[in-house]
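Next come two complexes built around subunit A: one with subunit B, the other with subunit C.
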Partner chain A sequence: MIRMSELSPLPASEAWMPFRPGIDGDWNVAQAAHLYRRGGFGAPLEQLQQAVDQSPDQAVSGLIEAVEPDTYRSTMATLAHAAAASGDTRSLAAWWLRRIISSPAQAQERLVLFWHGHFATSAEKVTDVSLMLQQNELLRTHAMSGFEPFVQAVSQDPAMLLWLDAAASRKAHPNENYARELMELFCLGEGKYTEQDIREAARCFTGWEVRRKQFRFNRFQHDNGSKTVLGVTGEFGGEDVVQVVLQQSAAAEFLICKLVRYYLRDDIADVVNLCQPLIRQYRDNGLVLKPILKQILNSRLFHSPWCVGYRVRSPIDLAAGLLRCFAGSANTVQLSDQTKEAGQGLFFPPGVQGWDEGRAWINTSTLLGRSNLIAEMLADSATRFSGQSPADYVRDKFSDNAETIVRQIQDLLFSRPIPGSTAAQAVELLHRRTDQSIREALQLLCSIPEFQLC
Partner chain B sequence: MPNSRRQFLSRSASAAAITFSGRLPVPLLAAVEKKKAPVVLVVIELQGGNDGLNTVVPTSSETYRRLRPNTGIAAGNTLSISSDCGFHPQLQGFAELLEQGKLGIVNGVGYDNPNRSHFESMDIWHTCQRSGDRRPEGWLGRWIESAQRPAGDLTALHLGDQQLPLALKSQQRPVPSIRSKEQFRLRAANADQLQQQLLIASETAESTDDLLGFIRSSTSTALQTSQRIQAIGRRSTTATVWPDGNLSRKLQTVSGLIRAGLETSVYYLSLGGFDTHAQQPDVHGRLLRQLGDATAAFMRDLAETEHADRVMLMCFSEFGRRVAENASAGTDHGTAGPVFLIGNQVLAGLHGDLPDLNQLENDDLKYHTDFRQVYADVLENWFQTDSREILSGSWLPSGAIRS
Partner chain C sequence: MRNWLRRDAAPDTEPDFHDTQLTQDSDEPAGDCIRRPWSIAELQPAIVMASLAAWILESWTASHPMEPAFIRVESIALISFRTATQDRSPGSTRKTEQNMPRWKIAPMKSSRSRFLILLIALQASVSGGVAAEDPRDPAALFPETTALLAEIPKPAALVTKLAEHPLVAQLQDHPLVQQVLNSPQYAQAQAPRLMVEAQLQMKWHEALAALTQQYAGVAVDSRDRSVTVIIRGRDAELMEKVRASFLELTRLGNPLPEGENEYRGVSLYRIGGARAMVVRDWLILSTSAETGRGILDRLLEAEESASLSLSTSLQACRKTAVSSSADLRVLLDLNAVKQARPFMRAATAQAPNPLVELLLGGIQTVVRDADWAGAGLNIADESLSLSAILPLNPDEIPPERRWFFGPDSAGTAASLPQVPDMIATAALYRDASQMWLYSGDLFSERTNDQIAAAESVLATLFSGRDFGEEVLGLLGPEIRIVVARQNPEALQPRPTVLFPAFAIVVPLKDPETMWPELRRTFQSLLGFVNVTGAQEGRPQLDYETVSISGGSMLTSSFVAPAEKDAAGIVPVLYNFSPTAASAQGELILSSSRSLAVMLADALEGHSDPEPAHTSLSVAVSPLQRILQDNQPQITANSMLEKGLSQTEADAEFHTLMSLAELFQSVDFGISAAAETQALQARLKIALRRAQSEQLRESGVNR
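Let's turn to the complex of A and B:
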């Protein structure tokens, strides 16, 4: 990637210390909106006001510890199985987008999306919808827990094995694909291993197969010989290799830096040094993610002006974020088709490297696609804001004064100031109070450059 | 094309290859700027690592047959190129183009210390820089800047839904990406009004910074490009029969834009799916069929027009694949591979020897032509530009384009 990178205004020793309201900045609705947009996919005004009544620390804990009630989980499970039974990946994508929009466990869904980009597997190749669902549930189960059991589980996940052709890697001709991506994309990063390490690691994974949609170890196809991977020698199997890889000091560094770029901003200069305190702690606690995530979302750097408004909204952020801020719902089949058109199809990452995030979301084509997505969402009768049509909702819920409406939308949806000229045009449209003029005002606001950032 | 001519070309190219040392010593390169109607380069990026050995099959190699028991292609099934090699049977499109004297094959293209990561190797091809080096722009981006066309001119266009290829990245001139002409427009109840409002919003100078500036300039480019492309009018349909598939649709759009008079010099397209680690034969065959048929249709579509002589295609991939197949009837990441050039100004036939399957390096093919030599050929002989600054050094052109 080419881009200018920016040095953190805070040194590593202070960046990750807890945010102090009044000293490091204000703790208000706009700041709480930042927390919910990044940690989850946004929140309606009532939830933000509740968060402001708490301390930032409590709000972060509330966000991370939130769980889905049993009834919600069982409804989601029923819908998921119906989607899987349909054999149509579009149904499954619509199901997940609905969960992203409606789940009370927002931090969890945010991480599931992060992991989907990290362990990117595409339904383009893995056409069995039930296996894609199984992987999605696996990402959810392990989202905040220990990285080693997570990678072990992913390595034996049928969708992953099929995706990276590990499912038919035999003793005589090991297939290198999984071994390479395990080191390059999942755990260590390019340049932290040699080609010889890949060849040797591939031998360790021989005999790992998928039979009747399940992982199976075929000892007849496993290479039992001695292998040397990353300087360690033994008669390794696949589990051993995962362990060896994760024992590298590069592992914690690779993941934490990626996570910090995802949650804060993707153009951080000298990110390894900045992240040292987090990396140390992640290693010390055995690569368990939850406490690190808490620390990141409660940190001075995360709540600093250097971070707010410097992340590019992905198409899912854009669609889900708008709906969540208005307690909305929509036809997610159509909506997930549109996020795909704008560059982010759930279950269809562009390749093994996942989505490139950041500026990569923005090009002339996706910018028009993003605006069109908003237009179609607002025009669709299935789109409801808190049970009402978007126009009714704006008329009922917001003040009568068009200037005040724009100011409220600013706090709720924007991390950057709406330019004066756009605000004036939106006020004029809102003032007319017709269904169409309200929709036009919302589309305008959600298409300007400032809205692409959060 | 008569067989003798093909053989002659093949032999002479091989002879030239012996003298290939890569870098030229001194300014042997003519830096003359010939006056000519603007030419068009259409780049087709084959993503995932195209198996060069099953594309241009070394039919006379015993080693090939031995190392490719399940994925190898029998000599008798290939479409003959020379006594030593033939095309994959699904590449009838390429065979037709070769027959018409429009297709050049540059063999054994790669670079030193090959990197086998898709992303890293692709970035090397795109920028001519290794990892760790600064990569602020791509090779075509540098050409776009050096060409100094008027501001607002659509010098290059990317057709695809992926991010802008690094090759097109330039410091000063953002290159637009479009998926298709039909998709590339603002949809709204009142699109003209929204278009105007967004143009104003993207040209405001309020509270600017680098990231917001980038989004504003991309928004403004998007709106302006969309207006221009929609204004060109509906694509005039021609009698050409286009095959199915994404690549074919994109090439059809490109042909329409060229015929409509869009003065764009570079179109960048991609075809994905070449990462054939498993069950290669069917997948690879389908991809090559698409590639051959779509490019042949594209050339047919332009053949009878005034544009026929000003269009050239270049097809490349980030690497070839391992010589020995794996256990999944597939092949793993390898090194050198062929680059294809298609056009009326291309010297048809083989350029450079087929890689020697008995002289492998870490079980992989050894390259003999640096990819920058192909770029130098394109820059010097097609764009009539001095390639030295763009490629940071003098590279001997691969000799596949008429100078």
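Let's turn to the complex of A and C:
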């Protein structure tokens, strides 16, 4: 049964039109914070104020077009190399979390995390750290580009082939795992194919192997016979079948609806109809994502009250969001362990379907993990906000007045109002201005239900 | 008038103490000054001034409410002043003008404090230097139930040595230390020190040297685990000043209750959980009132009954070279510790596991049987040495532990072959075969079950030979372990993370028979590694037998990958080229082929064994080099684990390197000497001299 709250307040024809400040709503720090929280992982106050000085369109373009400087990329490459050389997936997860927190290309990192959940591959099975790193870089390279070359690259990614047992697929015994996930989870969705399509597609991928950590086509193990997939017949190979799948009308619909649910809210009713303008545009521009993403983040629907504060923060959003907003850094080895404990371990998605997102983040076991995550992060001496201790940062960068600090934190971190009683407690703690009381105030604010939403 | 204030503190004028000096002039000959006691007439001006100040203080406090503790401090100061002036003993002396302290009082905001300083100064100036003549061993004041005694025989010399030590100077110049010294927190922490310096009119290290000039000792009593500190300063005058300074610093927040604040006419003070007293040139602190009273009794009555001086353990320990020449020495009464600490008894009863037994088994026996243990710290410009000594009676070593010390407790390790870039070395005397054969007597039932299971596997591996008798029994007890840096350029391919190479060298009793047997076993092991490696997709080991100086070698290396890894990562296993060699009658098992070859070459010119039972050594320079080899990994870890930026992580690494630069090596040795019936251990940290110092010295030499 569809609930009224799940229906878009705007018709599809208006929902994706550009947001008009003053008409559709205010363009202020709180609204800019919403953009950066959803499009990236949050932004410090200075960056939000700069965004407010621009138009929403310019701010969205700035967010999407941001690139990492060469020096930053070089540092990240060195770190990734060291993490991979250690052979420890904890180090690799710590490296990525650091990149999520510190990267200037926030929209890109947000999409890499989205694709990591979409093309879910776990280090639980792919124990070679360098292969997981290789896949992560692949997701980054193709994050905003055309979907077809992206899926072609993923189909030949050694980590993916090992994860879905495609590397052991022989013409005598085709393994159906990859063919099934290609249609069900990556491109079309359930019900858009038959079991026969999967069997035929699996034949197309035979002979796709991994040798010395690299993709290799073994022509001796490839089934060269004729196959019929989704109504099309030919002597297809793996590349061909990817093309066939992506030519289905359901492909654009499946991905755009998933993206809209990810960026707006996960309980949208009648999402296919709502997304029709975007789906059409996506098909028209050859399945290239960047313009669609820009349109989503600059839309009236995205900036409407129906969207703001209706997504549950994932554990990565929770940790990275807090640090991003305070220009923070932390012990990311420990932090990534804690996000894993709270249900989102980087490089450790729970299964082929990735993370469930939405309300699934909150349950009795993860709730405690989320609370501990914030408390331990704030208590850790390695956690610094703009190079200072959290308490020094709040004393230096925020107002002297405790009420004003709470208001500033409201705009910066919250998409829903902080309840009066919590605000009063926080004011009292901040008023004392001791290290302990400031930390307790931050911990209090970041533990309330309103902070779990973004 | 012999004493006066150069600037009077009038009651109605606020004296400016910024440049106030309290001096004592004398136109009399120095000798006269020293011997003649003070008269009340001479002291009158000071008494008048002090009374005046007290009256002002009392008047002022009537209109300015103050915390009670502060009033008490000043009252005590006044009372002390009066007592001191009235109770001067005829034998006390007065200082010459040259020796008199010249007062320069630091600017102080509180007028109350100014008055207090004034009163303390007055008190100090009139009390004079009281040099007590007490030739007794200060340790005789501690009770005979003392379980641990740490003492500094020449504290003043030690303070001076520390203050002038090259390491301290180098540390002070170190940027990291400079950063700490320039921090506001450090400046804040210096306030009490500056205050004490101002009051005592000397730098803190001079004050510390004077305060502990004759003796400093701390003891723990086995009865109640109370801690007692005894300090004997330069003279009574100084100790009185210290007492006064301390009163000012602590303000006696928790005074002792009536009836407990005095014993035999001596005032007692509370410092935290301890009681303190100053008697002539002695300062005594104890956490136990009973122990404190006992010490005072012995001090006042020259009584030695129930004193530590009667302890045979103390006397025995002090006779040893470790103790007699030490800058800081520690005596431990092991009987008292064993009685007081059940876990200590348990720890000395049974070996926990074979590895610990192999390393420390014999020491465990000696500790179990010894009545005492001694330790001494020696500080020299080039090194810091910590030595420990335990009485050892070879006849009392039980048969199951004789493998540790060898026949007649005279087992010594062989000298180490020297190879380049040695990071760590160990030379041990351990008759592992005997230990294995006595395992039934040494270990728990569970451990023996595990050993039996291991023995079965090892017998299979060694073609049915008994591991204890026919394998370990054919190896000599002189075990040497070498850890050395590998030359990264010589490793093909160069692993991304560089590990040091390590090797074990042990004599073969019958090389002709044993080496072929061991070589075959090693070959089987390499084959096993290849089979498991193939199952997991790891590179294979390629092996060959080659001749080397004085023997032959079975060496292996991992086959280099045909294609480079996409991420450019070379796995850590390329650090290893497992090798077994027999050279000069010694078996070499090494993680690296090049280390095995170097060791075989070094064994050729091998010198005679050194007379040490155990020696361990770490060289800092090669350790630094291997850290530098792995700098990208180390800085990456810092960045991820501490959230540092690349610049900060690099700076942290360079700080670590520059701190390591201060040290040259760390050596640890154990010697069992049957003739002196002692087991001696020594830890020596050799310091690297500063480059500037070396240059200066070479300039002088030229």
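Simple rule for what comes next: the second predicted complex is superposed on the first by the 449 of 454 C-alpha atoms of A that agree within 3 Å, B and C clash if a C-alpha of one lies under 4 Å from a C-alpha of the other, contacts with A are read in each partner's own complex, and residues count from 1 in each chain.
In this text, a contact is a pair of C-beta atoms (placed from the backbone, for glycine too) under 8 Å apart; a residue touches a chain by one contact, two chains touch by 3 or more.
As the structure is a prediction and not an experimental result, all values here were calculated from the model.
Trainee: When the two structures are laid over each other on chain A, which of subunit B and subunit C touches more residues of subunit A?
Mentor: B
Trainee: Looking at A:Ser130 after the superposition, I want to know if it touches subunit B, subunit C, both of them or none. Which is it: first, second, both, neither?
Mentor: second
Trainee: Considering only the touch criterion stated at the top, classify A:Asp165 as touching first (subunit B), second (subunit C), both, or neither.
Mentor: first
Trainee: Check whether A:Gly234 is in contact with subunit B, with subunit C, with both or with neither, and answer first, second, both or neither.
Mentor: neither
Trainee: A:Arg359 in the overlay: touching subunit B, subunit C, both, or neither? Say first, second, both or neither.
Mentor: It touches subunit B, and subunit C stays clear.
Trainee: So, A:Asn372: does it touch subunit B (first), subunit C (second), both, or neither?
Mentor: In the superposition, A:Asn372 touches subunit B alone.
Trainee: Looking at the overlay, does A:Asn177 come into contact with subunit B only (first), subunit C only (second), both, or neither?
Mentor: first
Trainee: Output check: A:Gly225 vs subunit B and subunit C. Expected answer is one of first, second, both, neither. What do you get?
Mentor: neither
Trainee: I'd like to know which partner A:Pro11 touches here: subunit B for first, subunit C for second, both or neither.
Mentor: neither
Trainee: Can you pull the subunit A residues that subunit B and subunit C both touch?
Mentor: Dual-contact residues (subunit A): none.
Trainee: Would you mind writing out the residues of subunit B in touch with subunit A in their complex?
Mentor: Result: residues 47, 116-120, 131, 135-137, 158, 161-164, 166, 169, 176-179, 183-190, 193-194, 197-198, 200-202, 204, 206-207, 210-212, 214-216, 218-219, 221-222, 225-226, 272, 275, 277-278, 324-328, 330, 332-333, 362 of subunit B touch subunit A.
Trainee: What residues of subunit A sit close enough to touch subunit B in their complex?
Mentor: It is residues 2, 4, 164-165, 167-177, 180, 184, 190-191, 195, 198, 267, 310, 312, 341, 343, 350-353, 356, 359-360, 362-369, 371-372, 375-376, 379, 416-417, 419-422, 425, 436, 439-440, 443-444, 447-450, 452-453 of subunit A that touch subunit B.
Trainee: In the complex of these two chains, what residues of subunit A are touching subunit C?
Mentor: By the definition above, subunit A touches subunit C via 75, 78-87, 91, 94-95, 98, 130, 133-134, 212-214, 328-334, 382-384.
Trainee: Once bound in the complex, which stretches of subunit C touch subunit A?
Mentor: Subunit C reaches subunit A through residues 496-497, 561-563, 565-569, 571-572, 632-633, 635-637, 639-646.
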